[in-house]
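Here chain A shows up in two complexes: once beside chain B, once beside chain C.
Let's look at the complex of A and B:
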């Protein structure tokens, strides 16, 4: 539907958008610029270093220093996505289609780790799995922070699409539980699962607290490595590493926007 | 062979609300039965119970002499057209129609043959490759019907299939269903709140209210001889006037007294008068006089609101008639009023 905008509306919407974007993006823009411009010129610098130039040499340098951590972060994110998918789909299905006494409370409780400080979650995980270290424990930590998002996306999609009625129709047509899952429920959830997976990736890719506290040895997730870089190396180099971090994140965020846009209809 | 279907003492409660109370009925095999009632009367609950989508709290459902109460919906093989159609949005028209055949693992050629046959039957073969969300409401309704018919269901159930459509399309599709459904010879349950739809389509109607079956029978009989005040006023318009019978044949109404042509018990009663049974004549020439309180032009006729001593009633008159509100008219009765016993 076309909507006509009055000038005052346009002014309001425009200034709010620019203000909001500026507020959120300015620090990020400064850090990315720091990778290419001497940082003292941006008012960030403690030292005036030579700017890193985006050439093959610079890329090799970054890969040498951060490649291992990038790969580790990628592995953590992919494993987390896999487990979140396998867990959230049946859990969301049960919570929405077969609600039981206390199921709503359970749905809210899953959100709890999101508001707990990373240190508390980390200590809890270390206490719960004293023999585990490394990848397993980091993935467990990331799951606590990402599963709520995946579960929310699944339950919201099941509720808004009225999958219950489609399933009822499939039952009257003779479809068994397996056939309904495969031919009705999962296809209806496809868009939600893509968005959920991308969200999980974005959260896992950027998670610092739990990753750092649970796995202070080697290897690190990329954000934890970033922390070490900021602490020990030049600001210039840290900014360059941050730019690299964003390079992994931005495509995922853009994909979420694209998959969630209302113009896209599910096929 | 048409399928026999029977419900015995069905009851269903949602929390503290009795949605259905002790409902029993034997559906005529191979015929269309309309289940009609206002919203909340329990008709959709009845459908969900018969389809197996809900479990009754009490009572049983019998099909072909077998108790199917605990049989899952997927094993009942009852075709259902849902009110919202519930078409699978990620499938094409043909995939929707073939769904019931696909789950039965029929060979592809057989599936295609049967889908083509049913698509032709509901006249949408040209739409078979389209996505269902590209279709109009009327087309979606046909797809839903085709999907429910494709696997040769034992019983066909339609839940308010025309309620989402505009008035003109509803008329067209009602006429098509009127042609198609009897041809099929399937035991069919047609759920609607529209009494015209119910009476025109079905051989038998089941009138429901407040979770109970109020009356069952042929449409003409139920219309002419309603079992109670609810049925009288729900099926078509009716004037219900408090009266009393004395001397077996004398009906005393507040506005007049009527000599009945049959014997009736001497007791308080409701006189049921359909608007088409009330005719208006010039003042002083009828059974009694009344003042016109409203006048509505309905296209094929006019409907008059009338006030007489101690009662008000509606009457239908020819479409050419114009009457001023406030003017006086005489009222005649075309036939004997139908009497319902009145307690008190």
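Let's look at the complex of A and C:
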């Protein structure tokens, strides 16, 4: 491929890019290290010769006290994935293959929450369903912010692969609606569904703005536990909590990159 | 986009029993979780103590100096972050689209890492790096004897860096998708006609990027506008943003729900205004899908 000799300045582009990558990565590396270092200054405050002893005490503490919260977040994510799949997949199919009057409006409405502040949506949900605080309302909030991704992935996949043609061929051969769904449409969507589910998981796992106020009692979603440890606990425990959060998130993000890659053009 | 469905299929579809009912679960969810709560929110924001209607909670937004400050600070901070992140992330987006090199996928993964970090995490990371005993001041004290940037996290600089941090993935992904559609042959033509590298960039490439830059700025603006975790954790004295005031009003004893609702409606109105304003300015740009993907 031809190099971009008309780039404004290679040095500038390179150094800003590397600077930003460092800005993103360095704190994350430090947090993970900090989870194992039982000192207040990440070990940098130690006098020369003082031994630096790593331990997993903070991780054990967090698992004891917030393990249930971790599992609760996982449960919220799984329920959200389930509901997103059964609502967005059939709707995505209709929006692409059988658009009707009002389908544009529906698509707009699904995407709308992404431009809305999460805290305002939380307050609206609480105004409408004050007695549903807890799992139900948390899932409701997460659905609003994850459905757009599921729908996008499904419609994008249906538009690029020629599912319409395959389906029409199957129909002329006598396949019923149910058969075509089960044997043509869903298999074509396999990769999209995996990516969609992973996206839903990643968003739900990290959600704080449409989570915190919707929670009630114990356990709550894990980002609420992060807030608690940041506000009340030692640096090591705060780092450990963040590391546990990353332990759930990073594999999902890597899997998204992995599954998305065959569709991306190789450059 | 919808019109790209094959016409032949649509004709066949018309003869089929309608499958529109497949949309109904999604429609019901949106009505129940978005439309109805939105109406309830507006009603709550205008509820007065005696059961009647009032606009007092909206007037408070301007009358109370704390809320007025938070409203203005939210808007200005979001504008600053939108401009900064769009400008800075043009570099990595350019690198990802226009260059081929080893480790590109790793680099791309790094930029997308903070995509679904909650604001509180970013706030903690900023404190870890730039707090009074943060990594940067301690390391620089060891190396040079002077604790550089000690406590910088708790001022405006820390807040700005935190906001910038979680806009990096959004801005980079949105711009990357936009750059992929730019026709760089035009810049080659300009060069062959005698334009300098900088001239070709500023007069040919940049104008064709304008819609993408604007939509990236709109995405980052509205994400920043709703975010408050960074300020919550850094507890920057003398600084507040409107979403944080909503959070605090709701958690206060006694909980001031009408005030929280009025602030929420205001925030929603600004977000919608920006979103639709930008789309009207550049209607027809196919960048919306990209913008959506970048907001995970």
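As a convention for this text, the second predicted complex is superposed on the first by the 214 of 267 C-alpha atoms of A that agree within 3 Å, B and C clash if a C-alpha of one lies under 4 Å from a C-alpha of the other, contacts with A are read in each partner's own complex, and residues count from 1 in each chain.
Basically, contacts are C-beta pairs under 8 Å (C-beta built on N, C-alpha and C of every residue); 3 or more make two chains touch, one makes a residue touch a chain.
Not measured: the values here are computed from a predicted model.
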Exercise. Of the two partner chains, chain B (first) and chain C (second), which one does A:179 touch, if any: first, second, both, or neither?
Worked result: first
For this session: Considering only touches as defined above, state whether A:131 meets chain B (first), chain C (second), both or neither.
Result: neither
For this session: Classify the contacts of A:232 with the two partner chains as first (chain B alone), second (chain C alone), both, or neither.
Result: neither
Problem set entry | Touched partner set for A:188, first chain B, second chain C, both or neither | first
Exercise. Which touches a greater number of chain A residues, chain B or chain C?
Worked result: C
For this session: Considering only touches as defined above, state whether A:160 meets chain B (first), chain C (second), both or neither.
Result: neither
Exercise. What is the contact status of A:111 with respect to chain B (first) and chain C (second): first, second, both, or neither?
Worked result: second
Problem set entry | Contacts of A:168 with chain B and chain C, given as first, second, both or neither | both
Problem set entry | Overlap of chain C and chain B interfaces on chain A (superposed complexes) | 165, 168, 171, 267
Exercise. Can you list the chain B residues touching chain A in their complex?
Worked result: 51-53, 72-80, 82, 84, 86-90, 99-100, 102-104, 131, 133, 147-148, 151
Exercise. Contact residues on chain A for chain C in the complex?
Worked result: 1, 3-8, 12-14, 16-17, 20-21, 23-28, 30-31, 34, 40-42, 44-45, 83, 86-88, 90-91, 93-100, 103-104, 106-107, 109-121, 123-129, 140, 143-144, 147-149, 151-152, 156, 159, 164-165, 168, 171, 177, 199, 202-203, 205-209, 212-213, 223, 226-227, 230-231, 235, 238-239, 242, 245, 249-250, 253-254, 257, 261, 267
For this session: Flag every residue of chain A that touches chain B in the complex, lowest number first.
Result: 162, 165-166, 168-176, 179, 183-184, 187-188, 190, 265-267
Problem set entry | Residues on chain C engaged by chain A in the complex (per definition of touch) | 1-6, 8-10, 12-13, 16, 18-20, 22-23, 25-27, 29-30, 33-38, 40-41, 43-44, 88-89, 91-92, 94-95, 97-100, 104-105, 107-121, 123-126, 128-129, 133, 135, 138-139, 142, 165, 168, 172, 184, 187-188, 190-191, 197-198, 200-202, 205, 222, 225-229, 232-233, 243, 246-247, 250-251, 257, 260-261, 263-265, 267-268, 271-272, 274-275, 288-289, 292-293, 295-296
